[in-house]
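Shared between the two complexes below is subunit A, which has subunit B as its partner in the first and subunit C in the second.
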Partner chain A sequence: MKGRLLISAAVVSLGMAGMAWSQGNSATAEIEKYREMLGDGNPAELFEMDGEALWATARGPKNASLQKCDLGLGAGVVKGAYAQMPRYFADSDKVEDLESRLMTCMVKLQGFDRAELSKKPFGTANYKSDMEALVAYVVGQSRGMPMAVPTAHPKEKAAFELGKQIFFYRAGPYDFSCATCHAMTDARIRMQDLPDLTSPAGSQRAYTSWPAYRVSQSLFRSFQWRLNDCFRQQRFPEPTYASESTIALTSYLATMANGATYQGPGIKR
Partner chain B sequence: MKAKLMMGGVLALASTCLFAAGSESVVAARLKTDFHTKGIAKVERLDQDPVQILCSTPDLDSVPQAQQFALEKQQRAEIKYPADGKYLGDWKKGEILAQDGRGNTWSDTPETPIGGNCYNCHRISPQEISFGTIGPSLYQYGKKKGYTEARQKEAYGRIYNSKAFNLCAPMPRFGHVGALTEAQIKDLVALLLDPESPVNK
Partner chain C sequence: MASSMRVRALLKGDVTAITAIVSHPMETGMRKDGGKVIPAHFIQVLTVDVDGKRVVTSHLNTAVSSNPVFNFKVKGAKVGDKAVVSWVDNLGEKGSGEAVVAAG
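Moving on to the complex of A and B:
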C-alpha cells in the first residue's frame, strides 16, 4: 500500500513535469494523463512480486537462492543497491550493471551457465523472463532513493568515458548515434518526446523512470532491453546482452542522472 | 627527453581521441567485439566513414571548421543529380514515402520497403499532426522559398546527402547510401516544391 502511494506520487510529479514541459502539445499531455491514471496501479508491481519470490527461491544446479548475492552494498542487501549501479565489483574485477551482476550471482551462487542465461533475457507475449522479474524486484527496492552511482574507481571512470564515446558514435546506414535523437531539448520523434540525455535534467528524468512496464507491449522491460531497442532503431547491429559496451553506456547515462530520486519501475506507453 | 615529451604528446592525443595504435579507435574496436550481426543489420555497419568519424566528436565546436568544410565539399562532389535534369516527381507518392518510417532495422527483411522517415523529424503536410521536431518545419517550403529550378536542385541535393551542406546534421544521407532511389527523391522534392502539394496550400 505504501509502495503504491509512493508510485502514484512519483507518477503524478512526473506527469506534471511532463505537462509543463509540453505546453501547447495536447497529444503529449494526453499521454501524460493516461500515464498518471495508470500509475495508481503500475502492473510492474506484479513483476516485482514475481522477482521477490524468485530471489528467495532455491534454484539452479547448486539449488541455492540469490539471498547471498552482493549487488554492491554487501551480500544480500537489495535496498538501495540499484541506485548505486553500475559499479566496480572486486570479485569479478569489472564494472557491472544490474543485469550483468545478477548473472554473475546466478552463475556463482546457483551454478547457472552465463551464456545460457544471456540467450533469452527479454520477455515476449509467450515467454516470461526470470531476469526481468528479478530486475523489477531489485529496482523497486531503490524507489525513492537518490541516484548515487560511484565514479571513484579507475574502471568506473573508464566505463563512463567509454560510454560517452559510444553515446556519440555515429555509424550505420543513417549515420545515427544516441546523440542524434537525445542531445537536444524538447525534441520529438513523431509524437514521442525525446529526453536530452546530455543534460542533467533530461537524463535524470529519463533514467530514473526505467526499467518500466510497457503498456503497449503488456511487458516489463529492463534497461538492457531499452538500450537494445534503441540500437535496433538506430539501425545498428545487435548489442550482445550485458556486454562491456552496454554496461559502459549505462554507466554514462546513470552517472549523468546522479542526484535525482530514483522513481522506477516506471510506466511507459 | 625530447623523445619522451613527444611520446607524452602522442599519448595525450591518443587518450583524447581514444585512438589505438592502428587506424581504428578504441571505441570502434570495443563496439565490434560487443555487437553482432542480426538479420540485415550486419556488424560491418559499425565501420565509420570519415564523416561519421568526425561527427562522432562529442564537442563539435572543437573540430576545425576548415576540416568540416573540406569534407562537405567532398560529399557535394559525390552527389549524383538526375541525368535528365528534372527534379520534380509525384508529390502524392512523396507523401506516402514521407510517412513511411520502416526499413533497415534488424527486424526488417531485405524486402521491407525503405521509407523516407521524413515525418519522424519534420512537419510537412498540414494534415499530418504526428510529426517530429528534430528537423525544421517544411510546411510551406515552396511558398516560402520559391519554386525555381535552383531550389529544386538544392532540395534534391539535401535529401540525397544532407551532410554535403551541413556536415554533422542529424539527417541521413538517403541517396548517398542508396536507401532511396532517384525517382523516390524526386517524389519527395515534389512534395516540398510542387505548387499543388498540400505543403504549399
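Moving on to the complex of A and C:
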C-alpha cells in the first residue's frame, strides 16, 4: 500500500514537470498559430489596393501619375523592384531606399515639394498616408522574389558600411545601439523573439517580413517607420525622414538579407 | 481609411474558401481620444451570397478587430459563380464587394 502511494506521488510530480515544460513550449507554438491565422488574410491588401490606384492617379502641380517612375529596373517597372532596393540611382547620384525614391519621383514627375512630402509620411488613425499606401503597393509586387540588393557601386558599398557603423553605434541616455538587442541569438523581449540581425538567417527572416500591417495600430507601416520606432525605443532623437543615415541602415539590413525570398508585406501583432 | 473591401473565392475540391477583408474602424464606443469618447461604429450584419443565394448571415459586435478578415468555407459553389459579401454597420453605412469563384 505504502509503495503504491509513493509510486503515484512520483508519477504526479513527473506529470507536473512535463506540464511546465510543455507550457513553455506551447506558448511559442500558440504564438506561431496566431501568426499563421493572421497570415491567412492580411489587411495590408487594402493598402496595396489604395497604393495601386494612387500610383496610376495623376496628382501634384504637374498633374502626372507615377507610372514613369524608375525604381531601379527601368521606368514604370514595379514588379520585383523592391527586392533590389536600396540601390544607387544615377539621376539623383545617391543611394535611395524605396521611400526616398518615391519622393524623388513625386518631386520630378508630379512636382511635389520634397520637404513638404517628408513632413508627415506616417499615417495615424485620423490621417491617411499616401506614402504608406504606395509603399504597400510596391513591396507587394516583390512578394516571392529573391532579395538581391546590388552592392557593386562604390556609393552602395559606402552606404552599407555607414549603415553597419550606425547599427553598432552606441549612444543616447541608455547607451544603446541596434546591436544591443539585435546581435544575440535566441533572445527575446517579453514574448517577442529578437532576431539576430548580424546573422544572415536572422536578418533574412526579419527584413523580408517588413513593411507590414500592424494589427495593434490598424495601419500599414513602412520600413522608415520601423527604423524610426527602433530609434525611439533606443531614446535617440527622431531621425529625419529618408535621411542618408536611415537609408544607409536600410542598405546594411537589406544587403544582409540577400538571398532570402521576400515575403512581405507582412503582418505584425 | 483604406479602400473599402477585398473579396477572394477559391474552389478546392468541393469546398469554396471565401475571404473578405473589410476596411472598417470597428470602434467599440469604449475608447477615448483626449478625454472624449469615440462613438461606437461597428459592423452589425455581414452576409455572403453565392450565385444569388444567401449562404452566410453573421451578426457581429464590438469584439471584432478593425479592418477585419473573414474566412468562410462553402459547399456547392461552381467556378464562375459570383460571391458577394455585404455589410451594414450600426450607423446604417453599407458596403459590399464581390469576386468570381476561381479554381484554387
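Please note the rule applied: the second predicted complex is superposed on the first by the 241 of 269 C-alpha atoms of A that agree within 3 Å, B and C clash if a C-alpha of one lies under 4 Å from a C-alpha of the other, contacts with A are read in each partner's own complex, and residues count from 1 in each chain.
Rule of thumb we're sticking to: a residue touches a chain if its C-beta (ideal position, glycine included) is under 8 Å from a C-beta of that chain, and two chains touch if they have at least 3 such contacts.
What you are looking at is a predicted structure, and each value in this text was computed from that prediction instead of being measured.
Residue by residue along subunit A, subunit B and subunit C are tallied for touches, and B comes out ahead.
Once chain A of one complex is fitted onto chain A of the other, the partner contacts of A:236 are limited to subunit B, with no touch recorded for subunit C.
In the superposed pair of complexes, A:133 makes contact with subunit C only, with no contact to subunit B. In the superposed model, A:75 lies in contact with neither subunit B nor subunit C. Of the two partner chains, subunit C is the only one that A:43 touches; subunit B does not reach it.
By the touch criterion stated above, A:53 is placed in contact with subunit C alone, subunit B being left untouched. Applying the stated contact rule after C-alpha superposition, one finds that A:171 touches subunit B and leaves subunit C untouched.
The touching residues of subunit C, when paired with subunit A in their complex, are 1-3, 5-6, 19, 21, 23, 25, 65-67, 69-71.
Note for the complex: subunit A touches subunit C at residues 40-43, 45-47, 49-50, 53, 125, 128, 133, 213, 215, 218, 220.
Residues of subunit B that touch subunit A in their complex: 18, 25-28, 30-31, 33-38, 41-43, 45-48, 51-52, 55-58, 101, 104-107, 119-121, 129-134, 163, 170, 172-173, 177, 179. Residues 27, 161-162, 164-177, 179-181, 184, 186-192, 194, 231-233, 235-240, 243-246, 248 of subunit A are the ones touching subunit B in the complex.
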